[in-house]
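Next come two complexes built around chain A: one with chain B, the other with chain C.
Here is the complex of A and B:
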């Protein structure tokens, strides 16, 4: 770790100012008042308090804004007010470089899980690609596990480097910064932060202790297979979803839920101009798959919960070779009725094969 | 990952026409002709705008398009003209929701947006030498029309080619102006049926699955290609299985609500597969649990 740099706590503001000087818009965790006080990733400005707490919601909005313009359209009117031509303005390349400060390893690993469908499928998403290319991720390692998170169940851990450009370890008086990617190396090289020296060893020791603090993770190898067997076992899913309100909170706080809707908005002036928007959507809502005819392949909340859990632990693994759950635990913390994804996956694994298949025969 | 899973993923990588450029940006197109098919179905013939745009546009039978009415939204329709038709792209649209309502209100000469080609296509190369039994129910005749006309262009490469086309009543039957051609086509055995027949109806009466059982096509060296409403697909697949067709030899299209059309937005999946990129054409052994 000889190239590590040291960032003293009282120099955090100067460092973030320096990053702004490099052209980055800086996002950091910040307290937000509300019914319940929360911590959200928001634009940082000189003078803002610097939070290192784990955020209430994930930073996925830096890559997938809650709502964004896909293009603008403007009609040219011909005879009788009929549209004779439409002009489209592509807005896919407008994103500016962004620096994310103090994400957690589950957040950063979440990015890699969203990257696959958005960048490595049959089509690449140009809006996402532009944002991703301009995003520099500085991740704060967790110094211990916590009650509701389970990153180590899904292949991660408190200092997993996946998705991060720089890993930061909090050693009380300051942060030890370790470059993971070329982008991260460049950022550290451009800074005037001192070398970490002996602080690096301290950081290594803290990371080791953090891993040791985790409880033993159950083996989830069988999860994809078992969930697939359970796909049409409505009894199982009815039981698991009994309390579900279909509120979608789980999908909004999730770092790897990436479903969206597309809709048009036009100005009140009439048909002349408007925008096509894409916005976050939730597969837990009944209307998500409801067709104009009224037909709905996932009309029941049992079917919707089945789809969400099975996507993360069966369908996505089948397509991309990894779970699409980074184990951040936010859905567990924020579900108003206490549905716990860990319990559902374990219940699926615990079912003997014959029982899982029952509904099929 | 199992070997079959790997094979399935490779299947998805088969070369096929894809949209170039920003996949969310529609190509401008203009309505050239509007045909009123039934009380609820209109057929639009549209021409892509720009020098050489139609010549450059390639697709395979079964591939779909997202049609845009800017300010209202987008919806998915199969391109139901065969690829050999280079003058226009044809879409048959049943008025059901907001976008289809807006599409029905268009006039000739108005501009719309087209994102295409999307999705996979009927594996007509693999079907060479086989007997093909096409079944279209209602608006489901649209995708069947594309692949049927495409196959009929090369009829000598296939065994016998049959069509069973059904609708609720004669008035609900689209493509009436083509039915005589199909009934008299030397390479096509065409059967028409309606659920409830008026007295002067010279063709069959009955639901598609029942008429199919009466026709009893042989499953030997045969494939069935069917499209229609979900309930019709369900019972017709059952009838075909009853006649001895293997699930693998029954091809159908699935329809789901779609937004992105490019495998990302998460709406149209059936299990791990996406109707927009892995479909809309499926072999029944892959999707039986979802019918």
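Here is the complex of A and C:
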């Protein structure tokens, strides 16, 4: 860790200002007043308090905004008021350099899970690609585990580097910054931060301790297979989903849920102008799979929960070779009825093979 | 709407087809001088005017909205304007809590022959709107962030559940379980601080049944899903009122239910306790006593005062007596429910209109539109057919703008008018802690003021105030336009 730099806590603001000077728009976790504590990633400006707390909602909106305009359209009226031509206006923009400060390793790993379908599939998503290109991720390692998160179950850990450009370790008086990618190395080289020296060893020790603090992770290698077996076992999923309210809290706080809806929006109905929007959608809602005919392949909340869990632990791994859950635990803490994805996956694994098959009928 | 001279204001008028539209016509035929700011939308009846039409217009930039219909007792459809009068009066009292000046909205009655009166109404209203500043643009307002931690003394002191209550409850459920498909209760979730709904089916399940001040979920929310089945349900006072609401609306059948009523002396605000505890790995022990709440995490015991960590929605509760019950366990506190202002509402009461609008601009921005407020509400019974997601009619855009987010809260609140029993689940379950209960609490206050102290869920035979009318309303003044 010889190239590590040291960032003193009282110099955080100066460092972020320096990054702004390089052209970055800086996003950092910010506490917002509310009836419960809420930390969201919002644009940082000089004078904003610098928070290092784990955010309530993941930073995925930096790559997948809650809604974005794909293009504008305008119908030209021809004879008898019928639409004769449609004019389209491309609204895509160039990559904006964006710096994400103090994401957590689960957030950064989440980006890599969204990257695969959005960048490495048959078609790369141009909107996503531009934002991804411009994003520089500074991740803060976790110094301990927590009751609701489980990154190490899914292949990550409190200091896993995937998805990060720079990995930061909090050693009380300051942060030790370690470059992971070329982008990160460049950013550190451009800064006037001092070398970390002995602080590097302190950081290594803290990271080791963080790993040691974790409870032993269960073996999830059987999960994809078991969940596939259980795909049509409605009894199992009915039991697991009994309390589910079909809201979208789990999917919207999740760093790896990337499904969207596309809609044409006119300011007022009947207007000739409008925009085609892509916006977050949730597979937990009934209308997500409702077809124009009225048929709904996932009319039951049991089927919808099955879809969400199986996508993360069976479907996605089949396509991309890893789980699409980074174990951030936000769905666990924010589910109004406490549905715990860990318990469901473990329950699926615990079910004997024969039972999983027998129940398929 | 183009305004070449920039002197006009944007005023939207909803006029009933039979009287007021005719009145406007009469004024036109008589060549009566009128201001040109008003844009008229003709509706079949003032009863057709959904208060949400008005709010939507105002949130999207209208400077004023005028609704006009036939005079009371003179409605073309006999009673449309009686219903309208209740809804519109309620709206008039609702707008200030949003931060919208109630002077921007007026409703009145003009008959088809009253051309002169129409001229007078339009002139007067337009003058009044011109006397105000142009309507503020919600999205462009400077957000106002305020601390929402105001403490209020609870109306009744907190008490933990008596130690023998759970055992008694289990015995009762054991007796009745054979005749029921399911009993709705709670069990411990991921640790002792986090309770979750529990659906008991067999006698073995009784072991996992849990009952303490962390069991917050309103189980009434699930009842419509079990329609036609025999279901047992554990309820506290507020939840029994939600149950009465569902009975009133015919969504559940009394004979299918077995109600186990338990006393309640307040629920804990688990989210605020989580905040105090910070990040922890293991919760080893939780002891809830009258004066002390002790939580052991990662080997360290922390102590709190339960009084200081009560849910804000419980602070004003005067009585835990169930409205309906088949089996009553423990002793209940009877009491007249004199209103106590919820702290989140008290905060808004202390602000002026602009500050309130700026407050909502600030807090609504972080809404992620997950709709857990709606989906955890026992009164949100449209479930999969909410107008928030409907494309036809297209009430809400999918755009994640703060206006759309705020408008949804207004939809939810207005659909709860006269139905909300104040359980506070909407706010408790908001992942980002938006104080949305304030809107419901204010509406409940207005409903009580306008309709002689009406409280939702107190009487299974009562007709909700917005589903009925009186020819002469006790608390609604006929608005004169002298």
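Worth a mention:
The criterion applied here is as follows: the second predicted complex is superposed on the first by the 353 of 361 C-alpha atoms of A that agree within 3 Å, B and C clash if a C-alpha of one lies under 4 Å from a C-alpha of the other, contacts with A are read in each partner's own complex, and residues count from 1 in each chain.
In the analysis below, contacts are C-beta pairs under 8 Å (C-beta built on N, C-alpha and C of every residue); 3 or more make two chains touch, one makes a residue touch a chain.
Note that the structure is a prediction, hence the values are computed from the model and not measured.
After superposition on chain A, the partners chain B and chain C are seen to fit next to each other with no clash.
Applying the stated contact rule after C-alpha superposition, one finds that A:38 touches chain C and leaves chain B untouched.
Once both structures are fitted onto chain A, a short way to say it is that chain B and chain C open up an angle of 90° at chain A, using Cα centres and rounding to the nearest 10. Of the two partner chains placed around the shared chain by superposition, chain B is the only one that A:75 touches, whereas chain C remains out of contact.
Of the two partner chains, chain C is the only one that A:285 touches; chain B does not reach it. When both complexes are overlaid on chain A, the residue A:297 reaches chain B alone and has no touch with chain C. Within the superposed three-chain model, A:261 lies in touch with chain B and with chain C [touch as defined at top]. The superposed three-chain arrangement places the nearest Cα atoms of chain B and chain C 8 Å from each other. Applying the stated touch rule to the two superposed structures, the overlap between the chain B and chain C interfaces on chain A comprises residues 261, 263.
On the chain C side of its complex with chain A, the touching residues are 145-148, 189-191, 194-199, 217, 221-222, 269, 271-272, 274-275, 279-283, 312, 344, 363, 366, 368-372, 374-376, 383-384, 389, 391, 393-394, 397-400, 425, 427-435, 437.
Contact residues on chain A toward chain C in their complex (touch as defined above): 32-38, 40, 54, 56-57, 65-67, 144-148, 213, 215, 242-243, 245-249, 251-253, 261, 263, 265, 269, 277, 279-280, 282, 285-287, 332, 334, 336-340. On the side of chain A, the complex with chain B involves touching residues 70-71, 73, 75, 78, 82-86, 88, 90, 92, 117-118, 121-123, 125-127, 228, 231-232, 258-264, 266, 271, 274, 276, 278, 281, 283, 288-293, 295, 297, 307, 310-311, 314-316, 318-319, 321, 360.
On the side of chain B, the complex with chain A involves touching residues 1, 5, 9, 12, 18-19, 22-26, 28, 68, 70-75, 96-100, 107, 109-111, 113, 230, 255-257, 259-260, 262-272, 277, 289-290.
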